[in-house]
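Take a look at this one; I'll ask things after.
Which chain is which? They are A, B, C and D, in the order written, and residues in each are numbered from 1.
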Amino acid sequence: MSTPIQYQNLGKSGLRVSNVALGTWITFGSQITEEMAEEILTLAYESGINVFDTAEVYAAGKAEIVLGKILKRKTWRRSSYIITTKIYWGGKAETEKGLNRKHIIEGLRSSLDRLQLDYVDIVFANKSDSLIPTEGKADPFSTTSAASGRIFRVEEIVRAFTYVINQGWAMYWGTSRWSATEIMEAYSVARQFNLIPPIVEQSEYNFFQREKVECQLPELYHKIGLGTMTWSPLACGILTGKYEDGIPVHSRAALKHCSWLKEKILSEDGKRQQQKLRELALIAGRLKCSLAQLAIAWCLKNENVQCVVLGVSNSDQLYQDIQALKVVARISSSITLQIEKILGNAPINGSRIEK
Amino acid sequence: MSTPIQYQNLGKSGLRVSNVALGTWITFGSQITEEMAEEILTLAYESGINVFDTAEVYAAGKAEIVLGKILKRKTWRRSSYIITTKIYWGGKAETEKGLNRKHIIEGLRSSLDRLQLDYVDIVFANKSDSLIPTEGKADPFSTTSAASGRIFRVEEIVRAFTYVINQGWAMYWGTSRWSATEIMEAYSVARQFNLIPPIVEQSEYNFFQREKVECQLPELYHKIGLGTMTWSPLACGILTGKYEDGIPVHSRAALKHCSWLKEKILSEDGKRQQQKLRELALIAGRLKCSLAQLAIAWCLKNENVQCVVLGVSNSDQLYQDIQALKVVARISSSITLQIEKILGNAPINGSRIEK
Amino acid sequence: MSTPIQYQNLGKSGLRVSNVALGTWITFGSQITEEMAEEILTLAYESGINVFDTAEVYAAGKAEIVLGKILKRKTWRRSSYIITTKIYWGGKAETEKGLNRKHIIEGLRSSLDRLQLDYVDIVFANKSDSLIPTEGKADPFSTTSAASGRIFRVEEIVRAFTYVINQGWAMYWGTSRWSATEIMEAYSVARQFNLIPPIVEQSEYNFFQREKVECQLPELYHKIGLGTMTWSPLACGILTGKYEDGIPVHSRAALKHCSWLKEKILSEDGKRQQQKLRELALIAGRLKCSLAQLAIAWCLKNENVQCVVLGVSNSDQLYQDIQALKVVARISSSITLQIEKILGNAPINGSRIEK
Amino acid sequence: MSTPIQYQNLGKSGLRVSNVALGTWITFGSQITEEMAEEILTLAYESGINVFDTAEVYAAGKAEIVLGKILKRKTWRRSSYIITTKIYWGGKAETEKGLNRKHIIEGLRSSLDRLQLDYVDIVFANKSDSLIPTEGKADPFSTTSAASGRIFRVEEIVRAFTYVINQGWAMYWGTSRWSATEIMEAYSVARQFNLIPPIVEQSEYNFFQREKVECQLPELYHKIGLGTMTWSPLACGILTGKYEDGIPVHSRAALKHCSWLKEKILSEDGKRQQQKLRELALIAGRLKCSLAQLAIAWCLKNENVQCVVLGVSNSDQLYQDIQALKVVARISSSITLQIEKILGNAPINGSRIEK
């Protein structure tokens, strides 16, 4: 099947990833049936997508179970695709969460059991760990102990990820939603103790969330070879334009537990975003694509983004998203300028270099 | 079940421990039946206690066997609790004891067999190793060889604990009854050879035994992130007040092999302690708790103590001990001062910071 | 069986290799039957050849399968021979090739499965990896990032080979067709991170391809102990003299997919080589050996070459090739000079020291 | 059973060895029956000897097989004794000997198979490796390459022993018949690359072979903590005094393949030794022990010797040898002086400190 999927190295690592990944958040193991999950995964694989992204916390483990069952049924060679999962929230007990050695090891072992795999390709720390022992009280020994407390915690984390890689349970490790400073701490601790540094950060990136991917991660790419995977290219559906006239009854924002999304959309800020989206829709029209396709293509157009994680509810949606890849080539520098003018939120000191 | 158990990081590690641990010394595999052991363990787990402490030497291995059998019967997730054991005295043969590589490895393997577990969470060196080759005779090569002899021994020990962690047989390692200097030696050797440092010291701590926990371990917490677990909060029962009027017939001190305890109680020093206990009992009365509960609460009130190991003979006793946790909040700074005045043994250079 | 096979250390490693190795390229799993493969392998082993060389890419894995099946049938002790394989092109998927951690590990695991072995003795990187992320575009952070990109890639490669050695899947690792600079990068990264350096480079070497083996590898032998294995001593058959009068109908150069070979032979340069071969044939005649035997003997005469890989289509050919070893002793310094005069291509700065 | 066996740390390691070890050279698997081997081993174990010494080369592997079979039958806990084996000569193939990574790993694996054990306690390099690539020819790059060649070889050896220890196949490693300089090279390479240093040298030591144990090893004990095990306390039987009047018909020196021993005994030097032995026998008489017992006791009297390896042909002989331990206490400083006067071979710069 001819497909617009392309491949590049993830950061300066040797791992060749497709420019889009299939995510399983909300969908696998919860919103969609196992049959639909299989249909989506099959289309993704056959289209050339080679990265499937999940996490121990997605649907409380069921996302991994469904993904694992489908992979088991298929006869795809294990070496032909990349599985990524994330560790942080694993269970209710005090010891089943966070980035301590016990949970990183036990959490990943449980993920592998659910996935029925011997190893994942990338294991992510799903959040930085703020559970540093409080040091607010008087410290008679040192004024820098808060900082040194952090270093002990980072050492434990980097040692634990190095351990699971050396056990053969993961090929690489990465961070998700860590600050640039935290990533540099991990890199520096890895160098100090000759441990394995992370190769990739997973970060939110879309029209309205640009700061980290455009300002901070390019520097980390150049300095420590860090790759960038991004998620939420449609900002939880906002960028599809479906909330242009309010909250449709069957939309995600109408769901009870998504009231935060509804509030965001109906806020003043949200209304300003809807106006911008109306203008961007005109550009999409001229490029003969949907607003959602433009939003995805715009993410991919950023040279520093190697892989955009997409979540879909059905295979048609995935098919449409994949077509967005063809739009990338149509975004001329003139179009880029028009989009930038509409958004009006280019970060100062940003470094969005276009492909 | 609502419970006063609280959790904190053990030192600057990421491991979240309950503020009390259930110990198995004297009880599991010896003084109590397996049924009572199960009743106690169940109450502990259901109350939120997540640390169960044992050692290869307890009841000559039977403590571990009983603990392992109960854990096997229960359906608690392995990730929801923390098992700690200790290595030093493993058997009668010359090679089955001490902190050499052979015994650390063989001893821990045997402990795991008895516990029917794949790994413990913390393995402790149950004593520092004084079996350093004697160097009393003339040494024609160096005047510092005694010191360097120690370093070789410490290197072997730290390498062996790093090895069992890298084999996946333990998550962390700690020391028990090591001096601050010995712990710093281990830390320094770990840094020198890029091995894994210990994360915790287990130390005796109660009204009458304060020096190490209050003077030395806080410094190690700040400098190398070391956590503190304490044991003997009731000083082998002395602090329950039951020896106020001598040695009751069925008390532990009346046992033949505990004559040292009897002697201690009946000594001049012991009598002075009984006097102080009578005064402390008055404070306990005002706080509407028993003297034992006050003794436990007082340990927990020390901010540098993350976890107090409790040994109990029946589940009622454990229930009473857990209630002691509620007393902690009632110990005002005025109460603290009164206790300090009665004890009159605050260490110079001490650093007892209250929660 | 008396045989002229000799043994030496591969570079400054302790591995004792026979001076010729049996290669499996083109033959095992493709041009020859399994029966013939077994006949050849048996003759090789019984003649004292202890190195059998293959690669994951040879006959798309079938070379390893055939080699593995024969070794399984034979009762030779695993410790009595050396298996070498090479990793780079493993499959069609984007993730199944190149020198990334995922493919080095998955590729070697698959090779071991096909070979039915627990480990190989040397695993080679079958090519240097040019898939370095392009850095042509403006880099706002550093002018040296292209270089540092390489370093990240080399670190990943050396870490992965160290990993497979520490897993027990290979005894040593080497490079194939890497430049001297690339090998030094790998060595330097190994020293920087205390990883395992490569012990050998596999390189083309024959009358008409001399530069790397004579100019660059001797320096690497002296500086970093690197061994040299060479292949294509007959330049794909050109040096047998069979193309003296054009392209015979059943020769390899007549095959459709070998048109490059045909073109090379019929080029001006090719014709000049044929003329030189006619002169060399006269020397061979005087030494009572074939031109092919002289070509092989001349490779072995280079003191820096520890092992010459031979590929043969039948056991007679192997027998003849082994006889070439007896010719080595007959190449006097006067003969050497005559050969040098005919070839006229001794590299400047070369370092061909004769045995 | 009351026994004169004593225990000490092997060098500055934590391993507690009995002061005599039972060796298996010549006897197990060759000169004695399996029944006698079992009788000897049982007496040794029950007398408190906890070190059993063998090698892959002894009786071409049969010594290990017999030792393994007996250990299998006995119900002694694995942790109660120490098994040592040695690697160097493993088989006939070129790749089955020497101190390269391939043979160290394959050799030890084969030893473990024969011994039916998961691990040995100490694996020895049975000889230093002189198979350094010859560098006699002109070296255009460096005048120090011969030295650096050695370093590469030593690095490979220390890496391989560290590997087998990290695999759990050995607890410690040591050297046998290495020079002090070679041991220091291994130690220095271990420090350079953070590998595991050897803990013990096994060396010949008796009345007529004193240089290394008395002059060189004490320094290594003080500087790098090296332990000393010695063998041949009776110099292949010479020190029993049985060759006083020539070569008895059934003695070892009368055996065909031991003609070197016969020659040594009948040489001028040999005759001088017989004269000294006659004088020493008088001292033995005064101490109420045999000459052989005196010879063994004299080895043990050296404070730097932690363990003397004894080989015996039957259990009576072992019983007599063990009684020698009681003689140690009877060797007063006056006796020591008399012995020294008779021997007249105290090494200059020697450091024989008596227990």
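Basically, contacts are C-beta pairs under 8 Å (C-beta built on N, C-alpha and C of every residue); 3 or more make two chains touch, one makes a residue touch a chain.
Values in this document were obtained by computation on a predicted structure and should not be read as measured data.
Fewest steps needed to get from chain A to chain D, stepping only to touching chains, is 2. Shared contact partners of chain A and chain C: not a single chain qualifies. The rotation relating chain B to chain D, fitted on Cα atoms, comes to 90°, given as a multiple of 5. Taken over every residue number at the interface, the positions common to chain A and chain B amount to under half, indicating a different-residue contact.
Taking the mean Cα position of each chain as its centre, B sits at the greatest distance from chain C. Inter-chain centre distance (chain C to chain D, centres taken as mean C-alpha positions): 44 Å.
Averaging Cα coordinates per chain places chain B and chain C 61 Å apart. Residue positions of chain D touching 2 or more other chains: 166, 194. By the document's touch criterion, interfaces exist between A-B, A-C, B-D, C-D. Residue ranges of chain D in contact with chain B, taken from their complex: 7-9, 11-16, 18, 50, 77-82, 121, 166, 168, 171-172, 194, 196, 218-219, 222-225, 303, 351, 353.
On the chain C side of its complex with chain A, the touching residues are 90-96, 98-103, 105-107, 110, 129, 131-133, 137-142, 145, 148-149, 152-153, 156-157, 159, 163, 166-167, 193-194.
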